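Multiple structures are listed underneath, in structure tokens.
Two complexes, one shared chain (chain A), two partners (chain B, chain C).
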Partner chain A sequence: MTDEKFTAERFKLTDEKAALALDVLRQRLNRQLEASLEVCVRCGVCAESCHYYVSDPKPEHVPAYRAEQVRKVYRRLFDPLGRRSPGWVGAAELDQEMVEKLIYAAFGTCTMCGRCVINCPMGVDTRHIVRTARAMLTAIDMTPEGLKATVDVHLEAGNNMGVTEEDFIDTLEWMEEELQDELENPNIKIPVNKKGARVLYTLNPREVKYFPYLIQTAAKIFNAAGEDWTLSTVGWDVTNYGLFSGDDNAARTIASNLERAMADTGAQVLVMAECGHGYRSQRWEAENWLGHRYPFPVTSFVELQAQYLKEGRLKLDPAVNDKRVTYHDPCNQARNGGIVDEPRYILRRAVMDFVEMEPHGVENYCCGGGGGMLAMSEFAPARLAAAKVKADQIAATGAEIVATSCHNCLDQLDEIRRHYKLPVKIKNLSELVAAAIVWE
Partner chain B sequence: MNKLTLTRLVAILGLVVCVAGIAFRLEEIMRRPYRKDLSRPRGDARRGLLYAFTLGLAPWEKESTRLHWLAYLRGIVFHVGIFVALLVFFASPWLAALPLVVVMAGTAITAVGAVAGFAGIWLRRAEENLRALSLPDDYLSVLVTSLFVTLAFAVLVWPASLPLFYLVSGVMLAYIPFSKIRHCVYFFYSRFFFGQGFGHRGVIGQPPGEYAE
Partner chain C sequence: MPVIELEGIQVEVDEDGFIQNPEVWTEALARAIAKTEDVEELTEDHWKVINYLRDYYQQYGIAPMIRKLCKDTGFKLNYIYELFPSGPAKGACKIAGLPKPTGCV
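The block that comes next holds the complex of A and B.
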């Protein structure tokens, strides 16, 4: 079934677990989900929209086939013919074999990137179906270990890497000192818990833990633009792996950390760092998980940088970035969030030679790092194999730098670079911007 | 009771089952909770809806239908054939009164539609992905609908085939609520949610934004 069979005891289906999983399906069955489960005519034109299929064309990689595994269980419960004549309409009991198929379909070969949704003539939302399957599996403790651990750590520590408040503050102070030295300006600040700042910024824990220079990058941009900003110890982690595990309770709790941070600082705008799923979670999903509207807008750092440039608050010298650059659209920002023009507006001002990969924007292929895939080592070989289409896209551009605005994409693109031996560097969009700042 | 009356009754019975079954399905989906999106809009959901039901259905608008244009075209031709066959069904008591040009147009459309329908069955067997995806219901649904279109064609050129047309119509209509043919109802829901959702997020159907160059 998978590259590493799920043999642990918790992956054994009991009657109680089966009943619980089916209850989750019943509870989550809303109008949107039912329409997507009912409308598929199994025409198969979605096949090439999936990077798993393009890289390894086999029926199991067709999005409709994947969603069909959930439909089988749905039909057994809700379809009159599915109850009486299951074979005729492809209905099936939720047994051990079906659970294994669901794990493979929902966690192992789908990043919930939404490319098949855009390409479906009927409008089937496979993202929604797959996330429902993940919710069913998570409810019965069948989430792959790495993804489960990421969510658990976030719930316990307030961030997904267990960074302590002391380490967080130390890192910020260290970065502030270095930044002041580099720019020879003691007034450059990385504010923390500043009350009444306009912008509350967020970070990915991997920035604090492994790539602290990216904190400097954001700080440079904010300082150059004269922004009134702050970070908060109440909540600062941009990520929310509850989106990927399908666990709405966890997702709700995690999302509320940033809401509390906004209340604590009194900031006006919540700005999500360059993190695709973090942006999607907080911008588009969180209010639905929480059941109320935020009294503040949520925006992405990409949108904010474009705004600074448009308003003339940020001056860039593209000559600093003279190598050919291409841009990888994170699915959760472009296809699932409409942020397509902004990164291009930025890159045309930040670099000398910008070239598009094909296809790009809303139709861009997923890099394979979405859906929590990087946290699920069980599926790593399949993830890298499915990234061949992305490697081909990059190679065709002749670019020396691949820019993106998502940490999961960044990690996956770097793995693609090594695996497919691509002569490119992978950079955050803001890195290119920060390098090109003309300080006044 | 003669053959025509009997088969007409079968057709009417099929229609009753169809309407009742669809009403049941509609009642069922409307009973489900509607997930209202509480997030702030980035785009205009109404423009997304307009796109979803108009330009968004054009074969050149999606990579999938650009790649599979022949399969998509086959589907469109088949469905146009079905709509015309339904018109033939409801107009069947007054077929003799129809102008010749209408009959000729209907004949041509149902003929091509029927061929497209049967081609769909062949494709399901011939193509590996479709074979893996297909269920017995898929074959019966396409077969009974293709026969329905074929017999609509037959009725237009040979009115004596009306009893057989009624018989097949009754079977097809009764089968709709229980089979994948019911996608004709859910299509409007799923395209609605697609257009509304992606329009709300500013992904589809929007005018150029302030950063477009």
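The block that comes next holds the complex of A and C.
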């Protein structure tokens, strides 16, 4: 399998590269990974759990097939039979052909959404196996270009779109002026580098660079709830594509930006903007990357909005949102993050007609854009084909609006809308909330 | 690598439809890409945005912030989204022949 997309010199396997990739596998073998590599019974239940397979049923789309590519290499190294007579146990050398299979299995046809993990009767964590394969490939500079560039830009510029500090401040001031005009209230602020605020908020660079009205949306909610909040120029990017490239060193550096911003502002709570993987990274993974515990709690803007409503700090008039709304669960927020009830609690108060798609919550299908897939153009046709099940889920609800709480899902859902010609609008949860605010 | 064919000339694009070599960009090519991005006809205002994006990219090697785009063209934020329904990154930048941005787009 030679593919014209991966002909660049860096995708040629040398002996040094092969040795390095195998070292990464050796170093990362822990009890969890080893169990996942050993206990698969080939029952095939995972096939139906994967949006790739459900949308386009072919053998390469079965999660166990993807994991098998890593298992082959693992057996060659660690299975006594695999070392002596590899053919007997399906072990394989890490050669050029195998590396290309790994690129397709780990980057090309898996979003690490984890739906196969919760449906596996043996508890095999294919998401973990796939991230290990990505780590092996990233260590030998074989990360697909768009994903590699997103991590590199983040490491260089402190955010994944290369927004300068000057442009960041300029955009925030612009949005503050527009917000003051809209609400006819010159006292409404979008605070930056305020010391001692309770909440340090974060943004997805996509908001700052291309969709700044979403900054206003958050500002409206904070102001209506009477929150003491701030943004920080030390660190503000909610994303962490180190989770997707498998590069723990990059992930650690990126995660530490927000830790430094917390120290600089002296804020009490770090609030992650509506971003699935950003929340998962900072809330559930970063302490492992950093090797120490945070001295502060990390929460999601979704949880915070639900809290405001519960405490009566935010009053909403759902009549403003009278169209039928359904909700797409971002995988890294619901299934891999534990935030399932809060968005529903919010929607039942923010809109008139909320309907669930089926399945939903932790069993919801991935939109297809997860795992950094949106950044990897090489796999765009397969990404859209695998979203057929999501398009069917949405169409069956009869909803006119699909709400979600992840910028990456938002963008992929909009592509699904165009590709499958769905008569819907895609919105962030907070957009619906902000529109329904009853100002007091 | 997919290609767009235009008046007999084949142009390489990536799988998201962004042209691979910014030098091959022409106004006719922009009109062809626009049709794939829900923009049926390129008006004077579309061209104002496209030309601004191209000039900025040629000077700085990166797409401008939408803040700069709005300030320098005098267009309101909402008007940009109306002009390019698939958004400033996937719509406007793609039509202007800029490469796909990094991040969640």
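One rule holds for everything that comes next: the second predicted complex is superposed on the first by the 436 of 440 C-alpha atoms of A that agree within 3 Å, B and C clash if a C-alpha of one lies under 4 Å from a C-alpha of the other, contacts with A are read in each partner's own complex, and residues count from 1 in each chain.
Everything that follows uses one rule, which is that contacts are C-beta pairs under 8 Å (C-beta built on N, C-alpha and C of every residue); 3 or more make two chains touch, one makes a residue touch a chain.
Note that the structure is predicted; figures quoted are calculated from it, not measured.
Judged by the touch definition given at the top, the superposed model places A:Leu374 against chain C, while chain B stays out of reach.
More chain A residues lie in contact with B than with the other chain of the pair chain B and chain C. In the superposition on chain A, A:Arg344 makes contact with chain B only, while chain C stays out of contact range. In the superposed model, A:Asp170 lies in contact with chain C only, and not with chain B.
By the document's definition of touching, of the two partners only chain C reaches A:Tyr210; chain B does not. When the two complexes are overlaid on their common chain A, residue A:Glu38 makes contact with chain B while staying clear of chain C. In the superposed model, A:Pro297 makes contact with chain B only, not with chain C. Listing the residues of chain A that touch chain C in their complex gives 4-5, 146, 149-150, 153, 160-163, 167, 170-171, 174, 178, 204-206, 208-213, 239, 275, 374-375, 377-381, 407-408, 411, 414, 418.
The touching residues of chain A, counted against chain B in their complex, run 29-36, 38-49, 59-60, 62, 64-65, 68, 80-81, 87-90, 117-125, 283-288, 291-294, 297-298, 306, 310, 335-338, 341-342, 344-345, 348, 359, 362-363. Chain contact summary for the complex, chain C toward chain A: residues 1, 14-16, 18, 38, 62-63, 65-68, 70-71, 77, 86-90, 100-105. The touching residues of chain B, when paired with chain A in their complex, are 28-30, 32-35, 37-40, 42-43, 52, 57, 62-65, 67-68, 71-72, 75, 127-138, 178-180, 182-183, 186-187, 189-195, 197-198, 201-204, 206, 208-213.
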